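Residue numbering begins at 1 within each chain, and the chains themselves are lettered A, B and C in the order written.
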Amino acid sequence: MRTQTSALRSRHLLGIEPLSPEEITLILDTAEGFKEVSERPVKKVPALRGQLVINLFMEASTRTRVSFEIAEKRLSADTLNFAASGSSVEKGETLIDTAENLMAMHPDMIVIRHKHPGAPKMLADRLPASIINAGDGAHEHPTQALLDAFTIRERFGRLAGLNISIIGDIAHSRVVRSNIHLLTKMKANVTIAAPPTLIPAEIEKMGVRVVHSLDEAIEGADVVMMLRIQLERQGKLSFPSLREYYNTFGLTPERLRRANRNAIVMHPGPMNRGVEIASDVADNAERSVILQQVTNGVAVRMAVLYLLGGAHVVE
Amino acid sequence: MRTQTSALRSRHLLGIEPLSPEEITLILDTAEGFKEVSERPVKKVPALRGQLVINLFMEASTRTRVSFEIAEKRLSADTLNFAASGSSVEKGETLIDTAENLMAMHPDMIVIRHKHPGAPKMLADRLPASIINAGDGAHEHPTQALLDAFTIRERFGRLAGLNISIIGDIAHSRVVRSNIHLLTKMKANVTIAAPPTLIPAEIEKMGVRVVHSLDEAIEGADVVMMLRIQLERQGKLSFPSLREYYNTFGLTPERLRRANRNAIVMHPGPMNRGVEIASDVADNAERSVILQQVTNGVAVRMAVLYLLGGAHVVE
Amino acid sequence: MRTQTSALRSRHLLGIEPLSPEEITLILDTAEGFKEVSERPVKKVPALRGQLVINLFMEASTRTRVSFEIAEKRLSADTLNFAASGSSVEKGETLIDTAENLMAMHPDMIVIRHKHPGAPKMLADRLPASIINAGDGAHEHPTQALLDAFTIRERFGRLAGLNISIIGDIAHSRVVRSNIHLLTKMKANVTIAAPPTLIPAEIEKMGVRVVHSLDEAIEGADVVMMLRIQLERQGKLSFPSLREYYNTFGLTPERLRRANRNAIVMHPGPMNRGVEIASDVADNAERSVILQQVTNGVAVRMAVLYLLGGAHVVE
C-alpha cells in the first residue's frame, strides 16, 4: 500500500476519473498523517499559512462546506465563503465572470460546488488557482469518494478484492460515479442495485455489476454503501412511495445479515432514516462507519488541499 | 467576593440552575480579567489557539452570535458558523444527526441556540464536546444572566441584598428565567412585574416577589431590568395594543424616579423604543447600562469559553 | 507623484469629497506597496493583528464585501461579517442601535454599506471606531473611485490631464459621484454621457462636461468607464428597452475606435454583457482593465484599512 508517487500530476482535483491508482494512494496516505492533527489539543499546522482558499458554493451544502472550511483552518489557510444568495450571481452575473472576479483577488485555491456538471473544469481551464470539485451536478464528488475509500481502507487495510455494493439513487448521484471510478481503479468489485428507474443506461460499461434486488446486492458484500434518496432533487419520486422504497430497498438489520461477517455500512449523509436506511442499522456501532466517514472527510480534504497547495507554492 | 473555587464542575454551560454561587463568582471574576483584553490595541490572547468552536444557531440572532464569535476570536480559537438555513437541516436532518455529524469533525466546543428547551442538554448527553447554551426556547440563556450579573456587580460591587426588578414579558423569556436563578442564588431580592397574561403560573416558587404594577416594582429598586416585548414571537399580542402597553408598563423618566437614588436601568436588547422603554431612559448616560451589558457580554463569554475550553484541554 | 503627506486627517473614510489631492495620492502610493503582498506565496502582513473589523453590509454585495474581507485578512485583522438578514435589524432595531451595540464590542473599524446616503456619516458622528463607507445609497463609494484611480495611474503614470469619459446610469450611481470628486480634484478632464433621464440635474456644477451621445463621449478619450445598468434598482427602466439601450449607449468595438490610441476600458462590475458593454470589449486583453480593477481593489482597501487602523493605534 506504500505510494509510488510523491506528487499529483494536476494542480486541480476535478474528479476521480483522471487520477491514477498511485495518486489515489498518495492522497489516502497523506490523509492518514493529517487525521492525527484533528485529534490533538492544538488542531492546526501552518502548511497553508497566508494562502487564501475561496469556498464557492453555488448549491446548498452542510457537511461538505463545513468539512472543507475546517480542513482549511486546520492548515492555517485564510478562508472566504462565497454563496450564491445575496451575491452578484443574483444580479445575473455569469459563473465565469464571478470566477474571474474572484480570481483577480488572487486566491490560491477555489473549492466549488455547482449544479452544472463541468463547472469546476470550466474554471480550471481559465483560472490560475487550483480548483477542487466539491460536487458538480450528477458528474463527480471526488473528495466524497476519497473519504469513503479512506474509511474502507482504514477498516480492511486494502481496497483491492473487496466486494462493495452501492444501493439507491444511482441515476442522480455524483457520489456513486466518483466511487465507481475510484473503486474500480483500485481493483475492488463493485455491485450496484436500485429500482430500474434509478439506474442510468449503460452503467455496466463503468465496470460494475448491476443487480435489481437489495438481497442480491448484499449477499457476500464487505461494504454496503447506501445512497440518499434526494427527495428535494427529483421533483417527483421515481417510485410509488417512500414506504414502498423502504420495503424493497431500505437497509434493515435482517437484510444486512446476508452480508459478510465483518461487513460495514456506509452512507454519505444526510440520512433519511426509515427511507433508505433503518435507524437500527445507522446507529449500529459495530457495522456503521457513517460518522467515521465524516471524521475522515476532514483528513482527506486536508490532504487534497495540502497536496495541491503545496504544489502551487513550489511552482 | 473572592472565589472559593478554581474550576467549573461541568464541562458544559447548559443553564444557571445547575451552577453554585462559587461557580458563578468564578465566571464573573474570570471575566474581569478578560474585559481588559478588549481594551488593548491587540485584542487577542492565545488561550484557545488551535481549538475549534462551532456556533450552531438554529434561531436568528445578532448580538449573541456576534458576541460569541468575537469572544472566540479574541481567545484565538478557530470559529465556524452553522445556521439552519441553507443547510442539511432544510433537507430534514434531525438535530441529533446534525450534531453528531458536526461532532465527527472534532470541535472542542459547540455554542447552540435552538427554539426547543433542552436542545443543548440533548447534545451534552451525547457529544464529547463542551456545550454552551446560547438560548433554548423559553428555558435558559445563561450567558445573558451572567453578563447582567457582571454589569450589576461592576456598578454596585455586589449582588447580595440588592433590590432587582424585572419587568415585561416574563412568560416568554429565557432571559428572565436565567436571571432569577442567578440572582436568587446570589441573595439578591428579585421582584417581577408584568400584565397578568405575561406572568407564568407559580413563578413565585422560584423565590421572587410578583407585583402587577410598574410603579410598585420600581419603588425602592436598585436595578430596573426591562424585557423586550417579543413581537415576532407571540403571534398575537397578549395585551390590547403597544400604546396601551407603553402606558402601563413602559419605563419613562417619570416612573424611574421611584427607584433608588443610584438605580440603574438594564435591557437585554434589541430594544423596542417607545414600547417597553422610553428613548430618554434608554439613552440616559447616568442610569442606563444597556451598552455596558453588551461590552460585558464579550468578557463573560470569553470567561465561559476559557473555563470550559481550559478544562477540556486538561482532561 | 511622491506624496506630500504621511497621514490622513480624518480617522474615517466617508467619501472622496472631503479628501485633499495629497491624501488621495497617499492612499494610492500606499496601495502600491500592498499590491505586492497579494502576489507573494504568503499573502499576509501583521499590520492589523488583534484588531477587529466589522463588515456591516445592509445591502447585498459580492465583490466589495469579499474584497474588503480579503484585504482585512491579508492585514491579519479579525473580521466579522454582519448582514441585514437574520439579524436584529429584522426585529426592527434602528441602525444607530445596531451600530452602538456593535461598538460596545470594541471593533477598531466598521466597514458599512447602506441604502441610505449619509448612514456612514451618522455612525462616524457617534462611534469611536473608524468608519469606512463601502457605498451609501447614491451618495459615495470612495474605495471604488480610489481603485479606479489606482488602475488609471498604473497604466498612464498620472491622472492629471487625462480625458476620462463616464457613460451610463449617472443618476443612480454612487460610483460616478465618487469618481467625479476624485478625478476633478486630480485635474483630469471628466465627460459624462447618458440618456437624458439618467443624468441628474445640475451635474455640470461638479465640474464635468455633459454630452448626450456615446460617440461624442468616446471621441478623444483616454479612459472609457462604463457604468452598470442597475436593473434591480430602478423598478422600471428609464429607457424603452435593453436592446435600445445597447444600440445607443452600449460600448462596442466599433464605437471604441473613436477613443485615443492607448485608451482603456473600465467597468465597476458586475457587468451586463450585451447591455452596457459588448463581450468583445469586456474581454479585450489590450483595452479592458476590468479585472485589474478588481485586483487593485484589494490593494487599495488594504491601504485604507492600514492608514486608518494605524492612525487608530497611534492615537
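In the analysis below, contacts are C-beta pairs under 8 Å (C-beta built on N, C-alpha and C of every residue); 3 or more make two chains touch, one makes a residue touch a chain.
Everything quoted here is computed from the prediction, not taken from an experiment.
Could you classify the connectivity of these chains, where an edge means two chains touch, as line, ring, star, complete or other?
complete
Taking all residue numbers used at the chain A/chain B interface, answer same if over half belong to both copies and different if under half do.
Copies use mostly different positions to touch.
Can you work out the whole-Å distance between the CA centroids of chain A and chain B?
40
In chain A, which residues are in touch with two or more of the other chains?
None at all.
Mind pulling up the chain A residues that touch chain B in the complex?
38-44, 60-63, 66-67, 69-70, 73-74, 83, 85, 231-232, 269-273, 291-295, 297-298
Using the touch definition up top, name the residues of chain B that touch chain A in the complex.
Where chain B meets chain A, its residues are 49-52, 78, 80, 82, 86-94, 97-98, 100-106, 313.
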